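Each of the two complexes below includes subunit A, the first together with subunit B, the second together with subunit C.
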Partner chain A sequence: MSVPFGAASLIPRNALVWIILSQFALLLPHLGRLPVWVVLVYLLTAVWRLLVYQGRVSFPGRWVRIALIGAGFAAVFFSYGNLLGLEPTVALLLTAFALKLLELIRRKDAYVVIFLGYFICVTAFLFTQDLLLVLYSLFTLLLVTTALVALHRPGEHRFRVDTLRLPALMLAQAFPLMLVLFFLFPRIGPLWTVPVQSHAARTGVSDFMKPGDVSSLSQSDEVAFRVRFAGDIPPRSELYWRGLVFSVLDAGTWRSLRYHELPAAELRAPRLEPSGPELSYSVLMLPTQQNWLYSLRYARSPQSGVLATPDFRLYSPVEVEDQLRYSVNSWPETPLETELSDWRRRTELALPPASNPRSRELALGIRAESPTDAAFVDAVLAYFNRENFVYTLQPTLLSAPEPMDQFLFETRRGFCEHYAFAFTLMMRAAGVPARVVAGYQGGEINPLNRTVIVHQFDAHAWAEVWLEGRGWVRVDPTAAVSPERIELGLEQAVAGEGSFLANSPLSPLRYRGVNWVNMLRLRYDAWTYRWQSWVVGFNSDQQYRLLQDLFGTVRARTFVIIVLASGALVLLPVAWLLLGRHRRRPPDPAERLYLAFCARLARRGLTRGRGEGPRDFCRRVAGTDPALGQWAEEFTAGFEELAYASSGANDGARAQLKGLRRLLQQMPGRAAGASRLVRG
Partner chain B sequence: MGAAAEVTQRTPGSPGGRFGRWLERRIPAARSVTLDQRRIFIFPSLPGLFFLLLLLLILLTAINYQNNMAYAVAFLLATLFIIAILHTYANLAGLSLHAVSATSAFPGQQSEFTLRLERGRRASHFGLRLAWPGGSDTQVSLVDRDSAELALFVPVGTRGWHHPGRLLLESSYPLGLLRCWTWVDLDLRALVYPQPLASSVLPGGSSERPEGATVPVSGSDDFHGFREYRRGDSLRQVYWKGLARGLALQTKHYAAFADHSAWLDWEAFPGIPVEQRLSHLCYWALQYERGGEDYGLRLPGTEIAPARGEAQLARVLTALALFRIGEQRQ
Partner chain C sequence: MEIQGAIDSAVAEVGTVLLGKEAQVRLALCCLLSRGHLLIEDLPGMGKTTLSHALAEVLGLSYKRVQFTSDLLPADILGVSVYDRTDASFSFHPGPIFTQVLLADEINRTTPRTQSALLEAMAEGQVTIEGETRPLPEPFFVIATQNPIDQSGTYPLPESQLDRFLMRLQLGYPDPQAERQMFLSKHSGQFRSGALRRCLSPQQLTGFRDAVTRVHVADSLLDYLQRLVAFTRQSREFAVGLSPRGALALLDCARTWAHMNGRAHVVPEDLQAVLAPVAGHRLIPSGDYAGDGQALVDLLQRSVDVIGR
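What follows is the complex of A and B.
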């Protein structure tokens, strides 16, 4: 069946169905980020296009299309408030992708849709590069490629699932070389700034602390970061991941010092002499859109791009927009800042005048009974422990103008933030320099790959007090109220009230008790860790190390050789698979001899024409060069007998073959001089 | 008269010049061509170039967002493009093209060229487009069958042999990103008759014809018998009743009993240029054939005895078409 070419440039129905399928598949990963109307646009256009195919309605006219595009722009603008961020851009792309279906008439329209589809597949990765999404995207790539293949099979007017086979094969063939390119392609920095996620929630610990805000972190089972220790994992009660230091109490809110508030002499992080055992670990942090990084105390990072602050934290000069991996060395026993500058002392003692008077009074009372600052700290902790303070995720809201007075003397229900606030306030009131530290405490150890998984609900706040001769000492008032929180984690600490992840009933973390669910979760987490550290987080440093491990030195030449060699290694088998079977089977011995015969004659200028039979050729040879005539006739006759007479007797055929071979050698020569000339 | 010997007419669009000569050496004319790497060319198509642009865009996205998965997609698609070279090539490789026939035509008409396309070892070949530059083009897929016969129409030029030039066979299956093509010379040629040109009467040469006998224009009114249907017979003369009774397709044959025969004589047009003479002779041959009269042809060096019927017409027209045309190209 042949089709006139004009009709063939139309889109076969099979391709149309695959295009619509891939459109919906591409929409799926974006669903959570998109307004509902986008989904409606997809349904509308798909139904419209199928009705067009059935001939019930026609394609929309030009003005209708322009109006639809304008409406799409307007709707995106009203949904997001702008058109320039990453989300509105992607929403626009997706809307255009759907609307393009309404002018999908010729093959070139289909190319536009399909190429746009490839790009939309990439946009999903700008939001997350989760392992599951990547696997899913492989599937969508397959669908889009299938649409492309179906487009080039004219005349297929029924949906065919088996169209999938060829693109699946091609993608599988493309995969190995993709891996090579992935690991070898040089990674360079961004060429220009691009719109980033504008609506992305800043996750993790925030840079201020105000008791009374209900902490949503404790309800989130998302992973904040994963840590892998080079040696043994310290006990979880020692895992205090410092992220922020709140030195300023301002209008009932703790916050960190702003950069401009630091005097010039305090800007640089003091470099301490490490003492005690060293911990070496790497942290794989998920994007937070914040600057601060998490580490155990006293931390240093050998990595460029990870800076230290005067209050002994690590931080990144740019917001963490993608996952970040940094290696850290910590010496937990190193005393921090044994000499306190006047400015620092003043800052760490400052309190808003005349706030929380009852709390201050209480602090001064306990301090008067304590011989030293250290004894005072113990006495306050003992106070928290002795009085009927309750650790709860459902604290009574503090509404009074003096929140700490209300907390310490009335409600007495709260979690880490409340206790850290109250404790630090009391310390400062009694003249002991103190500050609040925020970060995470503890973490879950995955036995499968020995990583520590720190979840958002491990978020914690504690205090540091400055003691003469000891420097900054960590004090966790929450531990005085609820030792389980520190020893066993949040889940055990609030087991009584059942508030652990109360808002996410389906979180697999809630089913840690069920063994196989837990194993499955941990295994997936181990895979994720590997995925994120090796694939998602693959960067130029890792690339350099990989190449060094594999090939010793890294030079441009090595690069080129590897790329070419692996390209050949991958492509040759494919070429062989596709084309190798076209090669003819080796001809049988008689044919081979005849070909040798022809080759010899060709050297004498007698070339057998295409399709010229042996006899005709022989006659021509005899006519052109009588010296060869007899020999050629004999040989041709022998060959014909061997090739066409049924060769039942094997031995006889072999003897004939031998004779023929001998005959071939006895080709009459030409004049000796001429032969010299040819050879010469 | 040597000018009339020039018969090879290049159809516009067919590769000419240096490339044409190179092609001539690389893919010599043959009645059957099997496509192999010597004969197949491959290059990114226009959509393929846009696809490369898309890859660049994805790569830029990957670089600017430092996004490893975007890198992965860019590389996967780039490799897919490379793999597609092999697949696109394999869609043409191994195919063989055979020349079957070409119908004769009058100038300005279209000649029907028939080709047979045979598959190679591959089970299926999709979306093969065949076209003669300036002629019609057609698209065919070889799926679940070994060969296909195709008819392509090419407008013919002036009297003589019409060589349609090289046939374009192209395909961009499976991804459309690469175009794989070949130009083959199937050594097919169509015979082009002279352009019929009316002349009032057949001057001279009518000595053998009785005076006053007019040639019946729509003659053939006496039923003569049946004969087997042949292509080209008028449908009005088909014996439909017989067909309805289950007989083979037959044509009612009418014959006007002309008891005289006419000679179409070259010498009858003195002083008229060659092509015009041939055109007049062609016209009269058609007239006599329609009229059911016997007619013969006398050309310098050729004489065709009077007869009638399709075979006679073909003989006469062929002689006219090839008059003084060398047999240079076969």
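What follows is the complex of A and C.
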């Protein structure tokens, strides 16, 4: 391959090393999402490019490059199964970024790589907006900028760490501007969206439940949402975060009612008269790609965009694709739905015909011994407590055609969903309206900022039964089997079997016993809460509110003025610093006067060249326009006396300056000027 | 002013043997009066030797000439100790360097070894031979001539040694009128020692330096000088900017030039007058720029504003 080499268009070694360093740094935040071969590609290209630099191998030829591109596409396709979607596209971009190193010959190639680097720096935020990632991205930004700076220092043949100094200074100078833009740049909605749904679905509660679902969720230590209460935090045994209500049992799976299954009269959420103490809190939810929101029971939200359902939950009409903050008021003691409609009663009693016969028989037997529905509920809970049931994260897989019969009479090892399932089934079998509720139970209280952190492993399922005069009453059969789960949380409840987060050995949550690790983790979580609330959650509403607080009613014109003014406010001191460095002393009054003299002559078509001295200019003026000659000579002599012959400002100089200023006003007129020359 | 008349007459006197080169003669005088060494660069036969010899004559200084060849050795210039059999001791035979004006003709024809021996003496005003340091006469000027460096068989002076010369002058072809007058003149290029009148007394010569130091330099002019220097250091046409020594040389020559013209202060035109000979050989164009040193000086003078903005 023949490349026209010019010394100026080559890449200095220093820049090459910085480019490769920043490439690896940019790869790092994506590592967890990428197949291993991408890392190998990075190593291969870096080594290849360095060998090229040493002259041991040559750049790949055209066909090799085409083959590498093809191989890259094929590898991404085989790793992800498609080329569209967020993760494959990012993988493709990162692969191309590495391969570009093999084309890095001249400076223009380096520009491509460096500007691509800036773009890749942003792609990490498509997946998470974590505080640590932001700090790390500032670091990669510094590296990429350093590569750019190094590229502009020809002849650096050694790797130099101190190249970092200038870009660090530049980025530090840009920091105030970044803040202004962050607060003031209009939050414009995206012009198009990329399919964020990736093949690795997010963990979270789903809208159907069969035995085993929740227990697998409990292996995840991801945060589901964080809650901040306005007043005191209720005891954790009261923290039942309702997300979904499962009213339909269908082929061994509980699911919620579909919208089209609801009759018209049941579509509206009934508005209840709240009673009892009020809880007020705000939930900061991480993206779930789902519609339902979590709240304590009988919840209302004053926020637009948060709606209520007929089964007293909250939901969002659009899927939660970004983090969402909503404020909620709850009245936990309000009776829910004291009057049950016929349709509702029918729905909440429906069971698939002739399924789990032994369980039904057991339920009917207990009901016959109980005087009331309430006594029946207590009797069933007592049954769970009395018999040899085990609460475990590793339940026996239920495979029989009648899974609840198998569970109640054979295995007797289950997680919350097993107990909720069995309990609701027995209630319905005995004619008591009942349903399964899914969501989260409890949460960890961070004493540093008084928030409740709800993790995925807090996922829980419990039951609600409808009792005459009391409405829907929450019953948690798990509490009957394992009271520790509700009082102390999952970790304590399964402490005996050591299965808590068994698949994530590095999770800091596993080391809660070590005091300083725990403090560090909680401290970081408090920071994350603040970060998510104030930085990631800073949307156009908040922006508008901030501006309104500061400047009153904001109209478009005011907004533009604010943006421009604050930009100028930031840039002017920088400009002043930069320009001030070149100005050695305040402008000399004599020089200013002379410039005015030049400006007057320029209007007559006599422009002084940049490098033309006063005497030379004067001679030229006299030569071209004799009418001006004498005046120009007089002025030039006066100026020379002031600017070059005298030292410093004294009274004499001041008088001279005055005379010169007067003389300037007496410039001869255009045509008849020569005769009217007045002496100054 | 007395000194001004003396200078004018000196220029006129040199002008009788070197026709039509008044500007270069003035600059050469300025260089010598600033106590600097002079490098004259031009093609053979342009009057380099004539100029230097004539300058020595009008200043009333002793004059010696060394023709530099490729086999010239340092001892040939500096001198050598010879064993004297009659009083059985070594006696020093001083070389041609022990003079007030030394014409080093075609300095780029000799080897770097001999060149540096001369340049060292120029820098220090003394020579050290066989461990004994001997001062050179006062004043001591070297006027070196060289052919343009692209001629064959030459050892071009490195930049660091070019820097030792305060000025570099180019003579150029005479204008047709002067040349015609030369054809008609009786000497027709022949130049004899003692043909020219001495124009400056030794007192005037030493007094001149003191007068130059009293020439006033205003802030406005220093600003202009600093702008010039900054431009050479920042523009991409220059591979190497003007050193502080180069800037000092500029100011020094501008002062002398102002005094030669009978002024007690320096004006921008003084600086511009000496800019090309003083800065021309110290500036090196960068790879991006096609012009030579002279083109760089033109660029510099064109681009930097005389009056600060």
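Everything that follows uses one rule, which is that the second predicted complex is superposed on the first by the 546 of 680 C-alpha atoms of A that agree within 3 Å, B and C clash if a C-alpha of one lies under 4 Å from a C-alpha of the other, contacts with A are read in each partner's own complex, and residues count from 1 in each chain.
In this text, contacts are C-beta pairs under 8 Å (C-beta built on N, C-alpha and C of every residue); 3 or more make two chains touch, one makes a residue touch a chain.
These figures come from a predicted structure and were not determined experimentally.
Asks: What is the contact status of A:Ala643 with respect to subunit B (first) and subunit C (second): first, second, both, or neither?
Replies: A:Ala643: touches subunit C, not subunit B.
Asks: Looking at subunit A, does subunit B or subunit C touch a larger number of its residues?
Replies: B
Asks: Which of the two partners, first being subunit B and second being subunit C, lies in contact with A:Gly613: first, second, both, or neither?
Replies: In the superposition, A:Gly613 touches subunit C alone.
Asks: Which partner does A:Tyr594 contact after superposing on A: first (subunit B), second (subunit C), both, neither?
Replies: In the superposition, A:Tyr594 contacts subunit C only.
Asks: Using the touch definition from the top, say if A:Val535 reaches subunit B (first), subunit C (second), both or neither.
Replies: The first partner, subunit B, only.
Asks: For A:Gln406, is the partner it touches subunit B (first), subunit C (second), both, or none of the two (neither)?
Replies: So A:Gln406 meets neither subunit B nor subunit C here.
Asks: On the A-aligned overlay, A:Leu578 touches which partner chain: subunit B = first, subunit C = second, or both, or neither?
Replies: Only subunit B; A:Leu578 stays clear of subunit C.
Asks: So which positions on subunit A get touched by both subunit B and subunit C?
Replies: Common interface on subunit A, subunit B vs subunit C: 8, 610.
Asks: Using the touch rule from the top, collect the residues of subunit A that touch subunit B in their complex.
Replies: Where subunit A meets subunit B, its residues are 1-5, 8, 107-108, 111, 115, 118-119, 121-122, 125-126, 129, 134, 137, 141, 145, 148-149, 151-155, 166-167, 170-171, 173-175, 177-178, 181-182, 185, 187-194, 322, 535-539, 567, 570-571, 574-575, 578-579, 581-582, 610.
Asks: Sort out for me which residues of subunit B touch subunit A in the complex.
Replies: My answer: residues 30, 36, 47, 50-51, 54, 57-58, 60-80, 82-84, 86-87, 89-90, 93-94, 120-121, 126-127, 129, 131, 136-141, 148, 150, 172-176.
Asks: Going by the contact rule set out above, which residues of subunit A touch subunit C in the complex?
Replies: Interface residues on subunit A, with respect to subunit C: 7-8, 584-585, 587-588, 590-591, 594-595, 598, 609-616, 640, 643-647.
Asks: How about subunit C: which of its residues touch subunit A in the complex?
Replies: Residues in contact with subunit A: 216, 218-221, 223, 226, 264-269, 272, 287-288, 301-309.
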